[in-house]
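I have placed the structure first, in the form of structure tokens, so that the comments after it can refer back to it.
Chain lettering (A, B, C and D) follows the sequence in which the chains are written, and residue indices restart at 1 in each chain.
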Amino acid sequence: MQRLRSIVNDPDTRAGRTFALVIQSLILVSVISFSVETLPDLSSGARELLRWIEVVTVAIFTVEYLLRLIVAPNKLRYIFSFYGLVDLLAILPFYISSRVDLRAIRILRMLRLLRIFRIERLRLAMARYRDAFLRIRSELAIFLMVTLLLLYVSGIGIYYFENEAQPEVYQSIFHSLWWSVITLTTVGYGDMVPVTLGGRIFTFVILILGLGIVAVPTGLVASALSVSFHPEDDRPTG
Amino acid sequence: MQRLRSIVNDPDTRAGRTFALVIQSLILVSVISFSVETLPDLSSGARELLRWIEVVTVAIFTVEYLLRLIVAPNKLRYIFSFYGLVDLLAILPFYISSRVDLRAIRILRMLRLLRIFRIERLRLAMARYRDAFLRIRSELAIFLMVTLLLLYVSGIGIYYFENEAQPEVYQSIFHSLWWSVITLTTVGYGDMVPVTLGGRIFTFVILILGLGIVAVPTGLVASALSVSFHPEDDRPTG
Amino acid sequence: MQRLRSIVNDPDTRAGRTFALVIQSLILVSVISFSVETLPDLSSGARELLRWIEVVTVAIFTVEYLLRLIVAPNKLRYIFSFYGLVDLLAILPFYISSRVDLRAIRILRMLRLLRIFRIERLRLAMARYRDAFLRIRSELAIFLMVTLLLLYVSGIGIYYFENEAQPEVYQSIFHSLWWSVITLTTVGYGDMVPVTLGGRIFTFVILILGLGIVAVPTGLVASALSVSFHPEDDRPTG
Amino acid sequence: MQRLRSIVNDPDTRAGRTFALVIQSLILVSVISFSVETLPDLSSGARELLRWIEVVTVAIFTVEYLLRLIVAPNKLRYIFSFYGLVDLLAILPFYISSRVDLRAIRILRMLRLLRIFRIERLRLAMARYRDAFLRIRSELAIFLMVTLLLLYVSGIGIYYFENEAQPEVYQSIFHSLWWSVITLTTVGYGDMVPVTLGGRIFTFVILILGLGIVAVPTGLVASALSVSFHPEDDRPTG
């Protein structure tokens, strides 16, 4: 029993690592086969194969769920824990035959991949990320507010400059907001491009300001993480 | 009176937080309804609704303005303060019936959202941003000058390389400047693309230099902010 | 013999630098001529010239290989070392006449350029890079996992939003993944652009999260490298 | 004489600042009028005006040149100094009437704008930039080499994946290199887009690696600049 528990729950032992690896691989297989199903023009042979993969993975996941239930010291607590619910959600849609299409819920299986963060080394790194995030959360909140404001202001601005010249493209402030998002993140699809002189100069000014959209969070993350890497700096130097 | 003052002016008390939240939400509603008005093909029902939203918000903002005036120890000082003027600007256009279209001024209501920075925690974060900005303002000025120079030089360069091959696209140095801005910020709409060998090699060289356009301000912000997070580093270590 | 060895193997002496420079230039010539061969519509004169360049470079590389073999204290060890195998691979395809097209292997000659990192100054800088990389490898692993997850989730999401409106463009989750990659890296070719309201709002949310795709690794690299530049910070300050 | 010298050469005195400001503005006017000349369909009136602006600015620059010559303690040294040559180059083309088109040389007048870096505050900031650059020059050299290699490898790779499917677009490795540059810098014009499955997966892998193209120099700059801002860190802490 003790041995079974360590296999199922402790990815830092050898048997536990193997067990975790098998389950994680199966989740990946299941997630990929979910994607393959969306391919148009699948042959019926392929559909059959996908159906079989689904049956086998659900069977294994069910056995795994029962194992976890058995080794849990407190059964109810496991069932209603985050991972317990996710594990149940991963197999339940298969057993319930209903008219509602529950297949989409299958994708929540991906959440099971998060168990990987139970590995010691990753847990420490995650803790450093969390520390860094907490240290800069006020600054990030301000940054997000200013970014949203800048997006909105540039949407309004470009609407006034371009609406007359391209009424079909810059139809309303909401359409212009799409342009703001795609331009300020420097994605630049090219589906909406300013053509007036005013619109172009406005875009230039907005983009110079918008460089900060990349610079500020990067600078925040860099400085917050560098504290996590220099823990001695937090102690008084005297 | 003291109680009223704390509700209206102090977002760090409970009643003040509620008051601030209500007003801020109303500003958001008002700003969004402003955007909705620009949608083409609005039904008359929707237009009627938008009109009502405007009347109600202005009414509430007017009451709020009077409240602020009442609690202000120095009435004149409030009226001519930054927030006082913004508050007035938010309601005045509604009451003045004139031939000039004052609706656009309504958008200045957004400035009222800035009151959110009166919250203690955000005020501290803003102070850190300001500190970081002041520390690097000479460097930022140089960066901006060099960026503008690089934009201009690349505009001239691409004009000489591409003008002959695509006279309709690279019509003048000003048209080429639009290409510089969109390319060096890595937006890349694709409305102006170099096709000559010279133009492409030139673009390559400019882009390698242009990576600095993102790298330098980010590096500046990161190093300036990291000083703000390690205040003890400013003290002499001896 | 000692002298020959230092010429062939030590780029920090004067003769060795000259020798290394000549060989590196030849590798570059050989790599460039490899690219030129792919140009369509090459004249037969040009093809003849390229053939000659190939013959001459291989001849020199062969002499160089023999020299390296001669100066090596342990012949077998050199032959089966990384650089020994790369050196052999660079000339072997030329001498083997076979029906299999071995020309593509020629491009592996580029690996020989890596010998440049034997220079002292570059070796130190490489060590700093390696140090920085090792320091943040757990964090980078997490970052990579989260990025892949975000890419996958955004691929699924946009598929559900856009598949109905543009079945030809967003054909399956795999096609949508291409959109995820091109959008989240902010390349933004514009070959797949969301048009539905839901798809656009989803893109906006994903892009705001995706800014972290650039911010986090940069922040990691910056903080890891800054430790390499402040080695005294690693010592206890007490 | 002493007074004249301080006006002409010292932008940190009041008269010197005014003088510098006037000259710098004139350079800007001259540079902008140079750009305006490239506009197609200029009226003859505008052409006349541009000609007048040119005559006046050259006249003033000539007077300035003579003034600088007069106040220089060592005339020959000024003439052959960097700024002396730039100042001469800015006016000489105007006086030489020749069949060769010397107008393009006029653009070198922009170099005169660099005198702005004589201002004390900017000089200090420039020194910090230079310090930071020198500190990381080996790392930058490696970064540049790796970037060029990555660009080249991705050019070769995409050529093999896409050449067959789109022979008109990915014509040769050189054409593919243009794609590499535009994609890895995340500009993404959309003039060359991979369509094969292999090409897209290859692009994905290359882009994940390519995120480093932005992350590494930014990290380098950030860590180098942060040393410049913490000069006490360079002293031993013991």
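Odds and ends about this structure:
By our rule, a residue touches a chain if its C-beta (ideal position, glycine included) is under 8 Å from a C-beta of that chain, and two chains touch if they have at least 3 such contacts.
What you see is a predicted model, and the numbers here were worked out from it, not measured in a lab.
With angles rounded to a multiple of 5, the C-alpha fit of chain A against chain B returns 90 degrees of rotation. Ranked by how far their CA centres sit from the centre of chain B, the chains are topped by C. Shared residue numbers account for under half of those found at the interface formed by chain A and chain C, and the copies are therefore classed as meeting with different residues. Our note on geometry: chain B versus chain D, Cα centroid distance of 28 Å, whole angstroms. Chain contacts: chain A has residues 186-190, 214, 218-220, 222-224, 226, 233, 237 touching two or more partner chains. Across the complex, chain A is touched by residues 135, 138-139, 141-142, 145, 149, 152-153, 155-156, 159-160, 163, 167, 171-174, 177, 183, 186-190, 193, 200, 203-204, 207-208, 210-212, 214-216, 218-220, 222-224, 226-227, 233, 236-237 of chain C.
Per the touch definition, chain D reaches chain A in the complex via residues 186-190, 218-219, 222, 237.
Taken together, the chain D residues at the contact with chain B in this complex read 31, 34-35, 38-40, 104, 107, 110, 113, 116-117, 121-122, 124-126, 128-129, 132, 144, 147, 178, 181-182, 185-191, 213-214, 217-226, 228-230, 232-233, 235, 237.
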